[in-house]
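Structures incoming, each one as structure tokens.
One chain, subunit A, links the two complexes that follow: it is found with subunit B in the first and with subunit C in the second.
Let's look at the complex of A and B:
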């Protein structure tokens, strides 16, 4: 599939982007983790970065934080080159890493929060206390004795409490039970309503953040294969209910992400990537009868852009 | 361009203060163990004194302990950090290289507090047992700097002199610990596997010496032994840094009478100690700064790819 990079809403030169990368590449020996990625995250947008395991999502976030050196290209956060201004970039960023590791195992949660507060002059102590309450942090418990979910709560509190203008959340709800997941998403929504914040989230659970999402990017084997606004994605990836004549052959370059057929009728349902009018025209020209075109939920539309083995 | 109001980075003084606090907190466990050992040692010394043993003298330059602690201290300072990976320390908004040096400085502050505590404790012990506190005391001096073979030294050849340690020798434990700490910290932040280096380098020297002896290559054997001698017992060697050469100058000999006595081949020289201290700490700082470049904030290795 050729990349579907929207020219609209932040997909341009990155002038109004909080985060932009240009040809960002990361290699680990011979393995290419990121291959010339041009990410555009508009200011104050919630951008969901999707991809199968190993697609390069976490690597992209690490490069934005300047935690690892890029093999090529640039990454900019609020106009700051991440490679040259790592500390300044990290000061603007609330980061939830992929790993469930909140730092010093011998510290208590309360001590870690206090420790972090010194490093962020913008730390909001009242808000940190509110987050601790809402996420039911066990402030007296040592970090080394926390469960995976408890550690995630601490990481989320650390990321949000200094009210950063940018949140980089790598699987933020991973390890949380459904009740806490819901609470975290509510807190995130509240956070976004309170203060203009740009959010870049990687997740395998798009439905959880569906209500917040503005933009979607899809990484496949280190390459950014799609990047567009949410509504554009839902217009680009749609479900077509088609009636097919006998011996019908689909146009060769039609991008069919998923299909379902009915034996009782001659109908098939195809999830097709492309402009609706153009797809309809081509199907009709090829002899098929398009009965209905419907939008997909965001998660389904986004997953249609992932490799087949992931999207099914 | 973004409309976000950018947040400032922390002041380096705040980061240092916080790291001092963090390192001190992280050392609570080892500190308790050290305190228990110190208390046990002191109890034994007092018990011996009460039962007729000698008092405990206060001679800070004679103890290698601060130097040894200085060498080991970086292990405790860095034990919770993934020095070459992604750890909490590196997620914070401080330049990575500077942050590494801040942590080293914080560890040094804690080390100095530890040495001070140890000295005050030893001073207290000397006061309790009525020991000599940097006062004059008689020492036996060898007529020449060369230690004779066992059982051949005539007791009449020994000269007894009154030795009054210079007050500046109070500083030896602090400078010894500092020099050792700076060197060990350079290894800690500069190499991925410090233990391999710590074991590998002496082993290599030993291997060279063994090969020289086995193959009867005197040059090789001498090279190894002279290198060790130069680094350890040389005029400005490690012993000069750690004990103002009190360790290498003081030795036990067996007299012709069969009696074993402690003798001095010379007395500590303040000038030599000062030069050795400056050399070792200076070299340590240079190596530390060079080693910290391994932790530098990552730089882009090549020009951006053209669209």
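Let's look at the complex of A and C:
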């Protein structure tokens, strides 16, 4: 499938983008984890980077943080080259890593928060206290003895409490129970209301974060196959109910992401990627009758762009 | 005001929020000069992007349904006429969805309207004294 990258989001060199990458590539020996990726995360967007496990989502965030060197291409965060200005980029970023491992295993949670508060000039003590209340942090407990979910809560507090202009959240709700998950997302919504913030969230659970999203990118085996604004995605991936004449064959290059059909009624339902008028015209010209076209909820539209076997 | 969003609804979230505010006005749970929740509160409650709530409020402000009192928040306009404007806008949305569903089932507008009237009569609903969404709607 050829990539569907929005011209609106991809226009120019990404001057008004908080995060932009050009041909960003990462190879581990012979494996290509990221293959010439051009991310464009507009300023103050909530951008969901979607992909199956191993699609390259975490690698992308690590390269943005300059925690690993890129094999090719560049990454810019607020105009700074991440490879040249790693510390400056990290100082402006709240990062929740993929791994549930906050380091400093001998410290208690409370000690780690005090430790972090000294490192970030913008650390908001009142907000940190509010977050640690809302997330019920076990302040007296040593980090090495925390469960996966409890570590996640600490990582989220560390990422948010210095109110950085950029949040890079790698599966932020991983390991959290459903109640806490919802609370975290509500806190994130409040956070965005209080301070303009650009957020890049990676996930394979799009339904959890879709209501916050205004931009979507889809990674497939290291390649960015889609990148666009939310409303554009819903206009580009639509469901068509079609009546087919006997022995009909679909136009060859039609991108059908999902299909259901019933032989008995000669009716098929296709999720097709493309401009509605163009798709309808082509189907009609080919002799099919388009009964109706409907938009999909964001999650379904996004999942249609993932390979079938990993779309859940 | 209770706002419900439907994740399976393909309509943009800000439109859903706008309709929920209209619904609250029409059923009377929201009255002129009532405050509406702040953008921050509603965004956290619905777990949506605050910009989505802001967009819904701005559109409603533009339509004269809401207004902003500086430093105090957003309120329902004093002269809002739920029984005409808002009810009509809501009715239009419901009708549009019903019509789409009818067409999907191979039915025309007339069949749908006739069936709705029959059904309403059967369920004992009196004929509407002030028809809101009629006039020139012959399909």
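In this text, the second predicted complex is superposed on the first by the 305 of 312 C-alpha atoms of A that agree within 3 Å, B and C clash if a C-alpha of one lies under 4 Å from a C-alpha of the other, contacts with A are read in each partner's own complex, and residues count from 1 in each chain.
Here is the rule we go by: contacts are C-beta pairs under 8 Å (C-beta built on N, C-alpha and C of every residue); 3 or more make two chains touch, one makes a residue touch a chain.
This one's a predicted model, so the numbers in the text were calculated from it and none came from an experiment.
Following the overlay on subunit A, a side-by-side fit with no clash is recorded for the pair subunit B and subunit C.
Subunit B and subunit C, viewed from the C-alpha centre of subunit A in the overlaid structures, lie at an angle of 140 degrees when rounded to the nearest 10. Taking subunit A as the reference chain, the count of touched residues is higher for B when subunit B and subunit C are set side by side.
In the overlay built on the shared chain, the residue A:214 is in contact with subunit C alone; subunit B does not reach it.
Once the two complexes are overlaid on the shared chain, A:182 sits against subunit C while remaining clear of subunit B. In the superposition on chain A, A:119 makes contact with subunit B only, not with subunit C.
By the document's definition of touching, of the two partners only subunit B reaches A:69; subunit C does not. In the superposition on chain A, contact is made by A:104 with subunit B only, not with subunit C. Of the two partner chains, subunit C is the only one that A:294 touches; subunit B does not reach it. After superposing both complexes on chain A, the closest C-alpha pair between subunit B and subunit C lies 17 Å apart. When the two complexes are laid over each other on chain A, subunit A has residues 44 in contact with both subunit B and subunit C. Interface residues of subunit B facing subunit A in the complex, by the touch rule stated above, are 1-10, 14-15, 17-18, 21-22, 25-26, 29, 80, 86-88, 90-96, 297-302, 304-307. Touching subunit B in their complex are the following residues of subunit A: 15-18, 22-23, 25, 36, 38, 43-44, 62, 65-74, 78-79, 81, 83-84, 86-88, 90-92, 95, 97, 99, 101-107, 111, 115-116, 118-122, 162, 164-166, 196, 198. Partner subunit A is touched in their complex by these residues of subunit C: 5, 7-13, 39-40, 43-52, 100, 103-104. Taken together, the subunit A residues at the contact with subunit C in this complex read 44, 46, 182, 185-187, 189-190, 192-194, 207, 210-214, 231, 234, 241, 291-292, 294-297, 299.
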